[in-house]
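Both of the next two complexes hold subunit A, though its partner changes from subunit B to subunit C.
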Partner chain A sequence: MSARANSAGNRNWRFTLTLKSRETLAACAFLAPFMVFFAVFVVRAVVEAVRMSFYDWHILRPMRPYIGIENYIELINDDVWWISLQNTIVFTALTVVGTTIVALAAAVAVTRPIRAQSFFRVLLYMPSLLSVGAVGLIWVWLLNTQFGIINYGLSFLGIRPVNWLGDPGLVIPSLSLTTIWWGFGFPMLIFIAGLQGIPEQLYEAARIDGGSNRDLFFYITLPLLRPTILFVTVTGVISHFQVYGQPFIMTTGGPGRSSYSLIFYLYQIAWTAFRMGYGAAVAVCIAVIMAVMTSIQFIVLSRRIEY
Partner chain B sequence: MKPERSILPQHTVTYVFLTLLGLFVVFPMLIAISQSFMTNQEVNRWPPQIIPVEPTLQAINAVLTQQDLRLDLWLRNSLIAATGYTAAVLVLCAPAAFAFARLRFPGNNILFGFLLVTIMIPSQVTLIPNYLLMRDLQWLDTFNALIFPGAANVFGVFLLRQFFMQVPRDLEEAAVLDGAGYFGRFWHVILPLSRNALTALGIFVFLFHYNDLFWPFIVTNSLETRTLPVGLAILNSSYAGQYRPMVLSGAVLSSIPILIVYIIFQRQIIQGITLTGMGGR
Partner chain C sequence: MVKRLSLILTLALLVAAMLVISMPMSTVAQDAEPTPIVGAFGGGETKISYWNGLTGSDGVTMNEMLAQFADENPEFEVTSEIIPWNTLYAKLQAAFVANQPPDLILMHASEVPQFANFGVLMDLGPWYAGNGGWFDENDISAITYSGMQYQGVTYAIPLDNHGRGLWINTDMFDAAGVDTDPATAPDNYEDWVTLFQALTLDANGNNAADPDFDAENVVQWGYVVGEWPRVNFLSALAQHGGEMVSPEGQVTVNSDAGIAALQQTKDLVFEYNVSPPPAGFDTWQGFASGAVAVIPTGTWFRNFAVDQTDINGMAWPQVQFGAQPATWFGIHAFMLPASSTPEKAEAVQTLLQWISANQGTWAGSGQVPALLSVQASLDAVNYPSNILLGQTFTDYGILDYTSTVTQEMYAALDPELDGALNNLKSVEDALNDAAERMQQVLDRAM
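And now, the complex of A and B:
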C-alpha cells in the first residue's frame, strides 16, 4: 500500500520534473541564437578590448608585448585625449540643451488643436531621416564663410562674414546647430507622447481658475512633463556623447584639433595610426565614462516616480 | 472674472512659430536642391543665388556617371545591409524576448538582469575587437560584416519582452488546450498579436542602420561595397573643392529614397519611432 503510494508520488514527481525541464529546454532553444551572437560580438569583444588595452598592439607589427597600464598612463598625459573630451562635453551640453528646448517648443505647438497638425509633425521630423552624410554636406555649404547662405542672411543685418567652421571658438557651436536641426525630431515625438498623457481636465480646471496660457505651461505642462524631460536629456547626452559623423564629414576634426570628438579620436588612433592596443585603452575609458553617465541616468530616472 | 481675450485670432502665435520652425527645417534642404541645378561658377558667387538662373543637370549627371561614384550600388548596399540587419535583429531578439517574457527557467531574472546591465556598455568598446574578428574571418567588404556584429541587440530584447508581457495569457492558454507547444504559442499567438511592436522595432533599427556611418566605414574598403553614408563622405572629400554642386546633388539624390518611403508610410514610421523611443511604456 505504502509502496504503491510512494511509487505514484514518485511518478508524479518525475512527471512535474519533466514538465519543468521541458520548459527549461524550450527556453534554452529560444535563447540560444541570441546568446551565441551576444557571446561572440559583445561579451568576447568587451573582454578582448580590456585585454588588448594592456598590450602594445600595432596592426602592422608581429610583436605585441604586454606593457601593463602603460597605455593608460599615456592616455592621462595625452593632450589630444583631453582636448577631445572637452570638445565632446561642450558639444553634448550645447546640443542637448538646444535640442530639448526646440523639441519641447515644437511639441507644444504641434499638440495645440490647430489645423495642419499632422502636416507639421511630419515636416518637422523630416531632417531626422537624413543620414549624417547628407546633413553634413548640406550644412558645410550653408555655413561656408565666403558663399554660404547663412552669412548672406546675416549680411542684411550688417554682420560681416563669420568663419563658422574655421574659427576654433565657433566650430563646436556650429556643429551643435547642425545637430539640433538634424536631431530635434526624435525628442519632439517623445514630448508629443508625453504631452498627450497629461489629462485635459487639469487644463480645464486651471482655466476656470483664470490661468493664462503661460500659467498653464509653467504650472501644469512643465512639472508634469518633468519625467519626459529627464528621459529626453539623459538619452540625448548618451547619444550625442558618441558624436563622430559631423566632425568627420564637416571639419575632419579641424581647425587644428578644435572639433576632435572622443570617437573621432578613437578612429584616428585605431584606423589611421593602427595602434589597436592604445585604441582599446581609449575605448575602455570612453566606455567607463559613458557607463557612469548611464548609471546616473538609471538612478535619476528611477527616482522620478513622484507623481 | 472677465475671461482673457486676445486681439489676435486664436492660435496665431502657434502658427507663426510653426511656420518659422518649418522654414528653419525646410530651407537647408530646399537650398541644397536648388543649388544642385547650378553650375560651379553659379554656386561660388557672392551674393549667393537662391534660384538657378539657368537650371542645368550637369552636376546631377556628373554624380551619376563619375567612375569613382556609384550611388546606385551604394543605395543597393545600404538597403540590403539594413534589411538584413533588421531581419537578423528580429529573428534573434523575438525568441529570446519570448523566453524571458513567458517561460519559467532557472536564472531567468538573473540572465535578463545581466543583459540589462550590458546596455550600459557602449558599443564603441567592441569596435576594435569586432573589427579584428571581421578581418580574421575575412568578412571585411562583405554584407556579413555589416549585418551580424550588431545583431544581438539587447534593447530589442528588452523592448519586445515588454510588449510580449502585455499579451493576455488567456489566449496562450487557449492555444495550449488546442495542443500548441512552446513554438506554437510563440508563432501563432505572441507574434501575430505583437505585429505593431515588431514593426516599430523593425523601423527603428532599420533607420539606425541605414544611416550609420562609423562601422560601415571601417569594415568596407572597395568602391563596390560602400554604403550610402560612407559614399557621401567620399564624395565630399573628393569633389567638394572641385565641383560643389555635385556634392549637394549627391546629398539630395541619396536622400530621395528614404524621404519617399517616409511620405508614404509617415504614420507608421512616426508611431514606430515614438513607440520604440518610449521603450514600450
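And now, the complex of A and C:
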C-alpha cells in the first residue's frame, strides 16, 4: 500500500514538471560544474580583489589595516598611472584597428578560390601559435637599431638607422606592429567564418546590377560582417588593454616610462613593491575602464547590425 | 588571372617574410646551450631544495659545484631551480605565505632587510665562528659582513662579491695608442672623456676629438652609458661624496653630487658624443661585435667575454668621475627559511660548508669569492678580472642602501635615469621626480 502510494507520488511529481522546467533543470545541471569553478576562481577572486583595495595589504605582513579609499586617492594623484593609461589606450587603439584591418584583408585574400588555400590559411595563422616570449625576442632583434634586419633593409633606401624601440614616439607603434603580426591569425579565422556566412546570391545580384568589387566589399561584405567586427574589436580591446609581455620583454617600459602599460605598472606595484592593496585598486580601476569601453563599443557598433 | 597571380605573389611574399623572421630564433636555438632550469644532483635520502637566480654562465658553474658535492656526498640529493631574480623574489613571497619555501635560497644581500623584516629568515649567527660556528667572519671584508646583517642579526652566509668594473677592447686601445695597463686608468672626469674621445671613431676614421668628426656616423663608440645605469649612477654619486639617502632619512639623489654625477654621464652622450643613448642599443652585443671599446659591466661578464666573443679584452677598474674612487658591488648570499626543521638546517649546513670550502671553484663563474683567503689564493693568469675587481670592492666598494623598500625605491629611480640619459628629461627634473617618489616610498616604510 505504502509502496504504491510512493509510486503514485513519484509519478505525480514527475508529471508536474513542465517541459520548460525540465529544460531549465537540464541547463542548470550542465552549467553547474562551470558555475562552481567560476564562482570559486573568478567571482571570489574579484570580490577579494575589491576588498583588498581598501586595505594596506602587504603579502608577508600580518597587519593589514583598513584604509578606506586611500589607495584610490593615491591612484588619482599617481602620475605614472596616468602615463600608463595613456600609453595603454594608444597601444590598444593602434593594435585593435591594425589587427582588424590586417585580419580582414588576410581573410578576404585566403577566402578567394586560390591554389593551396588551406596552406596559406595555416601559414598566416602560425604566428599566433608562438608565445609572447618568443615573439618579443624575435622582434627585439628585428627592430634592433644596430643589428636589426629592418634597419638593414632600410639602409638600402638610404634611410639612417631608426631607433624603433628607443624613440619615445615610435616605441608604442613598434610594440603595436609586433602585436599585430603576432595576433592577427585568430581574428582572421573569425573573419573567414563570417565571410563564408554571407550568401553568394547577394554578390551575384549586385554584379548583375553592375556593382564593382569595391562596391561589393563596402556595401555587402562590410555591413554583413558588422557582428563579426564587433566581436573582433570587443575581444581585441579586452585582450590588448591587458598588454604586458611585449613591453616587459622588449623595452622594460622604456625609454623612460614611454612604454609603461597598465598591467606592466600593476605588476611592478604588486610584485616589485609587494603592495597588494594598491595593486588591487589599480586592477579594479582597469576592470572598470574595460567594462566602460566594452559597453561603448557595444552601443556604437550594435547599431544597424544585420543579423 | 593577373589578379590571382598578384594575390598568390602577395601571399608568397608574406610566407617569405615569416620565414626570414623565424630565422633569428632558429639560429639562437642552435648556438645557445641553455643552463638547465631545474637540476637534480645525486640520489641520496637527504633532500635539499635550492632556489637561485643564476641565469647566466654562473649558473653553469653552480650546477657543476652541486654535481661535485653530490658525488662526494652520496647521501644527499640537491634539487636546484634557476629562476630569474625578479621572478624569484616574487615566487619567494608566495612560497613563504604558503609555508612552502625551498630549503636553501641564494639571494642578493640587498634583499636581506625586506625578508628579514617579516621574520621569514633563519638567524644564522650561530654558524659564524665568533659564536662558535664554522664560518669565519674575519675571512670576509667588513662591508661584506655588514651586508649579511639586519638590525643586529646575521641572516646569511656570503658566496661572493659581484660588482662593477670595466671591460676594455685591448685591440682598440692599441690602435688608439692608449696604454692597457689598469694602473694607468684615469682618476678624473676630464681624462676619462679624453680617453673615450680617442676611442670613438666615425666612418671616416676620425676620433671624437677631431674637428671633422661626424657624430651622426659613428662606427666605434668609446663608452656606453646604457649598461645598467643605476649602479653606475650610484657609483658616481658616491664618487662625488653623495649618497642615496641621508642619515636623517632624506632621499638625496637630487643633491649637487647626484646632479653632477648624472650630468657628467649624460654629457658623454650629448656633449662629447662618445656614447650612444641607452635606448635601443644592445651594449653586450655592441662590445661583442666590436662596436664598443669600453663597457661598464661586472664580474659576471668574464665568461661571456672569454667564451662568446672573439674580442681581445681585459678588466679595468670602474670609471672615476668624482674626487674619490667608488664602485657599486653586491653580494650573493645563502639564506634559510625560518621554518626550517633542525634536520633540514643541518643538511643545508653541510652543503654550505662544502661550498664555502670550495669557493675557489666559484671564481670560475667570474664572480669574486667572498672569502678573502680564497681571493688571495687566486692565480693571476686565470683569474685576473676576479683579482683586480675584487680588490676594488674591498678597497672602495659601496653596497645598496639598506632598507625594507630599497627595490621599490629603485623602481622609482630607474625610469628617471633612463629618461634623463635618453634626453627625455633634464637631469634636474629627472632626479627631482625620482627623489619625490622615492621619498614617498621611504616615508611609507618608516
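We take it that the second predicted complex is superposed on the first by the 251 of 307 C-alpha atoms of A that agree within 3 Å, B and C clash if a C-alpha of one lies under 4 Å from a C-alpha of the other, contacts with A are read in each partner's own complex, and residues count from 1 in each chain.
Please note the rule applied: a contact is a pair of C-beta atoms (placed from the backbone, for glycine too) under 8 Å apart; a residue touches a chain by one contact, two chains touch by 3 or more.
Because the structure is a prediction, the values reported are computed rather than measured.
Enquirer: Quick one: classify A:86 as touching subunit B (first), subunit C (second), both or neither.
Expert: Neither: A:86 stays clear of subunit B and subunit C.
Enquirer: Looking at A:160, would you say it contacts subunit B, subunit C, both, or neither? Reply first, second, both or neither.
Expert: Second partner only, subunit C.
Enquirer: Classify the contacts of A:253 with the two partner chains as first (subunit B alone), second (subunit C alone), both, or neither.
Expert: The second partner, subunit C, only.
Enquirer: Quick check on the superposed pair: does A:273 touch subunit B, subunit C, both, or neither? Answer first, second, both or neither.
Expert: second
Enquirer: Which partner chains sit in contact with A:18 here, subunit B, subunit C, both or neither? Use first/second/both/neither.
Expert: It touches nothing on subunit B or subunit C.
Enquirer: First (subunit B), second (subunit C), both or neither: which does A:114 touch?
Expert: Touch partners of A:114: subunit B and subunit C.
Enquirer: One more residue to check, A:127. First (subunit B), second (subunit C), both or neither?
Expert: both
Enquirer: Using the superposition on A, tell me which residues of subunit A are in contact with subunit B and, in the other complex, with subunit C.
Expert: 109-110, 112, 114, 120, 123-124, 126-127, 134, 137-138, 141-142, 146-147, 149, 181, 271.
Enquirer: Going by the contact rule set out above, which residues of subunit B touch subunit A in the complex?
Expert: Subunit B reaches subunit A through residues 1, 4, 11, 14-15, 17-18, 21-22, 24-29, 31-32, 35, 43-48, 50, 91-93, 95-96, 98-99, 103-106, 108, 111, 115, 118-122, 124-133, 148-152, 154, 157, 181-183, 186, 207, 210-211, 213-214, 218, 228-233, 235-236, 240, 244, 247-248, 250-252, 254-255, 258-259, 262-263, 266, 270, 273-274, 277-278.
Enquirer: Given the complex with subunit B, which residues does subunit A contribute to the contact?
Expert: Answer in residue numbers: 20, 23-24, 26-28, 30-31, 33-35, 37-38, 40-46, 48-49, 52, 102, 105-106, 109-110, 112-114, 116, 120-127, 129-134, 136-142, 146-149, 152, 155, 181, 186, 189-190, 192-193, 210, 212, 238, 242, 244-245, 248-249, 263, 266-267, 270-271, 276, 279-280, 283-284, 286-287, 290-291, 294-295, 298.
Enquirer: Which residues of subunit A touch subunit C in the complex?
Expert: For this pair, the touching residues of subunit A are 59-61, 109-110, 112, 114-115, 120, 123-124, 126-127, 134, 137-138, 141-142, 144-147, 149, 160, 163-168, 181, 253-258, 260, 268, 271-275.
Enquirer: Of all residues in subunit C, which touch subunit A in the complex?
Expert: Where subunit C meets subunit A, its residues are 4, 7-8, 10-11, 14-15, 18, 20-22, 24-25, 28, 86, 89-90, 93-94, 96-97, 115, 118, 120, 216, 277-282, 285-286, 289, 291, 405, 407-408, 411, 415-416, 418-419, 422, 424-425, 441.
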